[in-house]
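Should a chain be cited, it is by its letter among A, B, C and D, assigned in written order, with residues numbered from 1 in that chain.
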C-alpha cells in the first residue's frame, strides 16, 4: 500500500507542471498536425492501431488508465491509484471519480470493466499489445463503484505499464456492444479532444472536450491529425501555413532551419535495429553477428543519415533512460580488422553472403545501402530482397524470408516488454540468443515496477542481450518536429513509448 | 492537259521501283534535328558501353563523411545522399536505363507484333477477342496497371520493365494491326493469294515490310516512354532497387534533397529528358523518311 | 432520335468490358505473391489470427466463387468493403474521385488553353521562330518527367515566391477560392505535359486543314483571317485533336498518382497504389472499375464530339 | 474606251521551290471590260490559275509572292493592298469559283450558313436576312426546295449541285467581276453544259463581267467574247473570240484549235495532239518558249531573243507573241479553215 502514496504526490506534480501564464496561449486556434503515421480506424484494440506509432490521435481521444512520465515511470491517469498483493497475482485499481465520457456517460469502474471484458472477448482479433495484456488476466470483479480487482494468471508486475498503452484506453460503454470492432467503433472517449470527423488513412478532426478532467487551461480549440506519407509535402505544409506542426525526417532538419522554422528533436526509446534469423547457419553464429557489429561505423551513419537527430548506440534505450549503461557502448567499437578476424574464426575467411529483407521505402533503402557498403568492405556481401508492407512480416513467420531484417523499433512503456518482444523466446520464433535471457525476463516479471531489484535485472538483461547480439542496434531515432518559432509548445518527449503525447501540446498566443 | 493525261501510245506506264534503303538514310540524314538527336543518343550509348573508363570514381563507393557535397573538382556534379559521386553513378546508370528500356520495348514487341498480325490478318473472332482484351487493358490508366503488376510481382527493375512492356503491348498491337489491315486490302495481296502463296509467305514478304516502317517509329518513341515510366515507378519505389541505380532511381532518391542540393536532381532529370527527347525526335525523323518513301513507292 | 439509341447502345456495350476489367484485375491479384489476410491480421499477428482473417474476408473460397460474389454485389451497386479500413469501397472512392477529377479537368483545361493558341499560331506562321520553338518546346514537354516539372514549380512558385499553397486539397463546397488555389500548381504540372502532346496535334492538323480547298474558298469570300482560322479551321481540325485529348484524359486518370503524392492530395491514384501495397483487393477492383467507367465515358464523349465536328459521321 | 473593270499590267508571280524562286507568271497583261466575258486559256502549268489568284491576293498564304506589275480593279490598285482591304474586295466586288466543288465547301457547316456568312460579312445583314438571302440565292441557281436544302450539309449534295452552291456564294453580294477558275473541269459533260448555261444566264441578268479560266477551247467557243491564250507563264495571244477562231495568229493557238475534236470532226480529220510537253518552270528554252514544240520554228528568230507581245497589226487590239506572226498569219488561217 505504501506505493500508492508515492504515486498520488507525483501525479499532482505532473498536472500542475509549471506552465506559462494562460494568456500566453491561443485557445481558439486549432492544432493541425501533419504526421507520417495513419490511423486505419479509431479502435485502439484493432491490430493496425496497436503499434506504438498510432498512439498520438488515440491518446488525445481516449486517454489511458495510466500515464508515463519522462523517466518512464507509471503515473495516475484515468486510474487514481493501484496496488499489488504480496505475490503480484492480484492487481487492484481505483478509478478517478467524477470523470465523464464525451457523450456524458460516467467513467466508473463498471465502464472500465466493460472495456477490459470487451478486449478479452476480442481474443487474437485484437492487436498484439492488447492480446499480450489480456492474456495475463484470469478474472476481474467490481468492488463498489470505483474499484476493480484483477486476478492474474501468473505473477507479473507489468500491469501499470501495459495499461499505459492501447489496452488502457477507455471507450464509452454506451457505444460498446459485442460486435463493435475496427470500423464500426464510435470514437467516444474521455480524452481532451472529441472526434468531429474521421477519414481512414487521411485525417482525424477533433474539437476540445471542455469537460476534460485534466483541465482545459491553454488548450487549443481543436486538434487535427493528417496522414501525409510524403515528407516533403509535410514540411511544405508548415512552410505555407496549412499546418502548424509537422513530423519531418532528420534529413529535412537543415532545410527546415534554413527556412526559419523551429526544429524540436525529441529523443525517444526508439532506434534502428537489425534483427538476425538465428536458424540461419551464417547469421546464427554469434561471431558472425559480432563481426557485423564491428563492421558498422555507427557514428558516421548517425551523422550522415541521422541529420543531427540520431546518436550511435548499441542499446535499445535512450541516454535518459535508467536502463541505459555507458560502458555497453564500448563493447562494439568500429573495427574492420576485428570484424574480418571474427569472420575467419567463424569459418568464413573469404567473406559470407547474407540476404536482407528490406522494406520498400526511401528511408529504409538509404540506410540499407549505407550499411551494405560498410559490410561489403569486411567481406559480408549483402543481397537485398525488397518487399512491401504485405510481405514484410514474412521474416518471422514461415516462409521466413531473409537472413537479416531492419526494423524501426518503436519502444515500449515497460523496459521489460522491450526485452520480451525483441530478445525473449516468447516473441522471437527461433528462441532467445542465450538461455539466461529468458531466465532474467521471468525474474523481472515477478518484480513491481518501482522495485530497485527490477532495475538491476534490467541492466543485466541489457548486457547479456548486447553481448550475445540478440539484436543489432544501429542508432537512436528521435521524433523531429518543425513549427513556426514560438507557435507550438509543451510537446513533452513521452519517453516510454515510441509516440509523443499530443494531448498537452499548446499553440503560442501570436500564432494562428 | 490532254497531252499529259494520255501518254503517247506505245510507252507502257513506267514501273515505279521501291526506292532502295539508301534513299531512306539519305532522307533521314537531311533531317537535321533527327541527325543531331541520333548523334547525342550514340554518345549516350557509347558512354554506357565505356562507362568504367569514363567514370571518374567508383559509383558504389560511398563515404558518409561527405554527403550532399556541392559540385567541386572532386565531384563534378556533387555527391549524393550517401556521399557517392553523382557523375559516375549517372554514367553507370545509363547502362541500366537503356537496357531496361530495350527490355520493355522487346516485351511489348514480342507480345504486340504477333497479336497485331493475327488480329489484323486473320480478322473474324480472333480479331474481336484480341481487340476486346486490348480495349480492357487500355481502359486501365497505364501507370496504375504498371503499379499493380510491379506491386504484385515484387519491386525490381526486371518486373518494372515487364510491366511497362505489358502496358505498351496494346499500342504496338494497334499499330501492327492498322498496317496489316491496310496491306491486306491491297490488290497485290489478293493477286499473291490467287497465285497460291501461303499465308505465312504473304505475311513475311508483303505484310511485314510494310509494317516495319510504323513499327520502328513506335518502338523508338516507346524506348523514350519506357524511360519515363521507369522514372515514375522508381519514384513510387517500384523500379530499380538498391544497390542498382537507373536514372529514374537516381532522380527518385535525389529529389527529396532538392532544397539543399539541387544539382543531382536537376542533372538526372535533364539526362532523362534529353534522352527521351532524342528518342522522340528520331522517331519523328524515321516517320518522315519512311512516310515519304512509302508515298513515292506506291 | 438516333443519337439517344446510339448512346444506350454504347453504354450497354460497356458492361461486358467492365466485367472483363474486373476479371483481369482479379486474375492479376490472385496469381501473384503477397497475402491480404496477413496484412489485415497485423504485423505480428499469430498464424491462427491470419487464418481467421482469411476466412472473415472470404479469401479461402475458390477463385471463381470469389469473383462471382464480387460481380453479383457490383451488379447491385455494392463495391464491397475495403479489407484494411473496413469502409465501403464506394465511399472511399467517391471521397477521392473529386480530387482526381478536379486534377484531370484542371490539367486538361490548362493543356487546351496553352496548346490550342500555340498550335494554331505555329501552324499559321510555319517556319517562323515561334513554329520552331513550339516544335522544340512540345518535344521537350513530352520528354520531361512530369514530377520533375512539378517539383520545380513547387520549389519556385510555392516556396520561393509563396504565391500558391504547396500542398493539400480543399473541397469545392468548403472554399472555392482555396480549392482553386490548391489545384493550380498540380494542374499546371500535369497541364504542361498535356499541352505538349496536344500542341503538336493541333499544329499538325491545323497545317493539314489550312491547305484544304475550302479554306481558299473562305479567303476568296473575303472573311477575316481570324474567322477563317477559328471558325473554318478549328472546327475541322478538332477531330484528331479531340482524339488525342481523350488519350490524355485516360493517361491523366492514372498518371496523377505521383503529382498527388508531391502535392499531398489523396486522389484515386494514391488510393490504388496503397491498395496494391496492402493487397486490398476490393479497393483495387473498385478503382479499376471506376477508372474504366470514367475512361469509357470519356471515349463516348469523344465519339459524340466527332458527330458535332463532322456532320458526315453524325448521319452514319 | 471606258476604263476597263480589271486591268493587269506586267503581273509577275514567283513560288519557292528546291531550286530557288520560280517565276510562274511572267509579265502578264490583259484587261476585262464591264459586262464582258473573257476566257483565259492554256495547258495546265501555263500559270493561268495562279495569275488570277495572285491578282486577288490568294497566293500569299501558299507561299507565293507578287514581284512586279499592277492589277487595277475598278479604280483600285490591288497589288500591295493590305490583306484587310483586300478582304473587303474579295467576296463583295469579286466573286471566285474554284475547280474542285467536292472539296471547296466546308464540310462542317450547312450550305445555307456558308452563303449567309458572306452576305453578313459584306452587307452587315442580320442573321435572318442573310439566311433569307442565302435561300434566295440557292433558288436563283436552280436548286430545288432551296429552303430545306439550305439546312443540309455539303456531303448531301452531288458535284454539280455543290458547284451551284459555290456560284450562289460567289454572286451573293452581286459582285462586279466573277472569276471562274475551271468551274466545270471536274464535272462530267452533261452537267458542265448546264453550269455554263447558268453562268451565262447570271451574267446576262446582273451585267457583271465574268473571267473564265479553262483549258477547254469548247468552253471558250461556247461562252467567250474575248480570249487570252497563255503558255509558259506568258500571254502568247489575245483577241476577240471570233477573230481568234477565224484567224489564230500564234502556232500554239492553231495547234490547240487543231486538237479540238469538234473542229477536227467538221474537217473530217483526226484531232492532232501538239507533240511534246510544256517545259519546267526553271528550264525555259531560249527565245520563244513554245519553239521546241513549234512546227514553224526557225533557228535564230525563234530560239535566241525573247519574243515580245505586240499588236498583230498597227492600231489593232489583238496581240501576239510570235517572231513570225506576220508571215504565218495566212498559213495558220488555212490550217484551221473548215
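Some notes on this structure:
Simple rule for what comes next: contacts are C-beta pairs under 8 Å (C-beta built on N, C-alpha and C of every residue); 3 or more make two chains touch, one makes a residue touch a chain.
This structure is a prediction, so every number in the text was calculated from the model and none was measured.
Listed here as common contacts of chain B and chain D: C. Chain centroids computed from C-alpha atoms place C closest to the centre of all protein C-alpha atoms shown.
Greatest centre-to-centre distance from chain D is found for A, with centres as Cα means. Centre-to-centre spacing of chain A and chain D amounts to 93 Å, using the average Cα coordinate of each chain. Mean C-alpha positions place chain C and chain D at a centre distance of 54 Å.
Once the centre of each chain is set as its mean CA position, chain A and chain B turn out to be 49 Å apart.
In this assembly, the C-alpha centroid of chain B lies 23 Å from the C-alpha centroid of chain C.
Across the assembly, chain D contributes no residue that touches 2 or more other chains. Multi-chain contact residues of chain C (touching two or more other chains) are listed as 33-34, 261, 277.
Along chain A, residues 232, 388, 391 each make contact with two or more other chains. Those residues of chain B that touch chain A in the complex are listed here as 60-62, 64-65, 67, 81-83, 151, 154-156, 237-238, 241-243, 252-253, 256-257, 259-260. Listing the residues of chain B that touch chain C in their complex gives 132-133, 135-145, 147-149, 151-154, 224, 228, 231-232, 235-236, 248, 251, 255, 258-259, 262, 265, 269, 272-277, 280-281, 284. Residue ranges on chain A touching chain B, taken from their complex, read 231-232, 249, 251-252, 254-255, 258, 297, 300-301, 303-305, 358, 360-362, 365-366, 368-370, 372-373, 384, 386-388, 391. Across the complex, chain D meets chain C through its residues 56, 58, 61, 83-84, 86-92, 95-96, 98, 100, 103-109, 117-118, 121-122, 153, 155, 166, 169-170. Contact residues of chain C toward chain A in the complex are 33-36, 38-49, 52, 82, 84-87, 92, 95, 154, 158-159, 162, 165-168, 261-264, 266, 274, 277-279.
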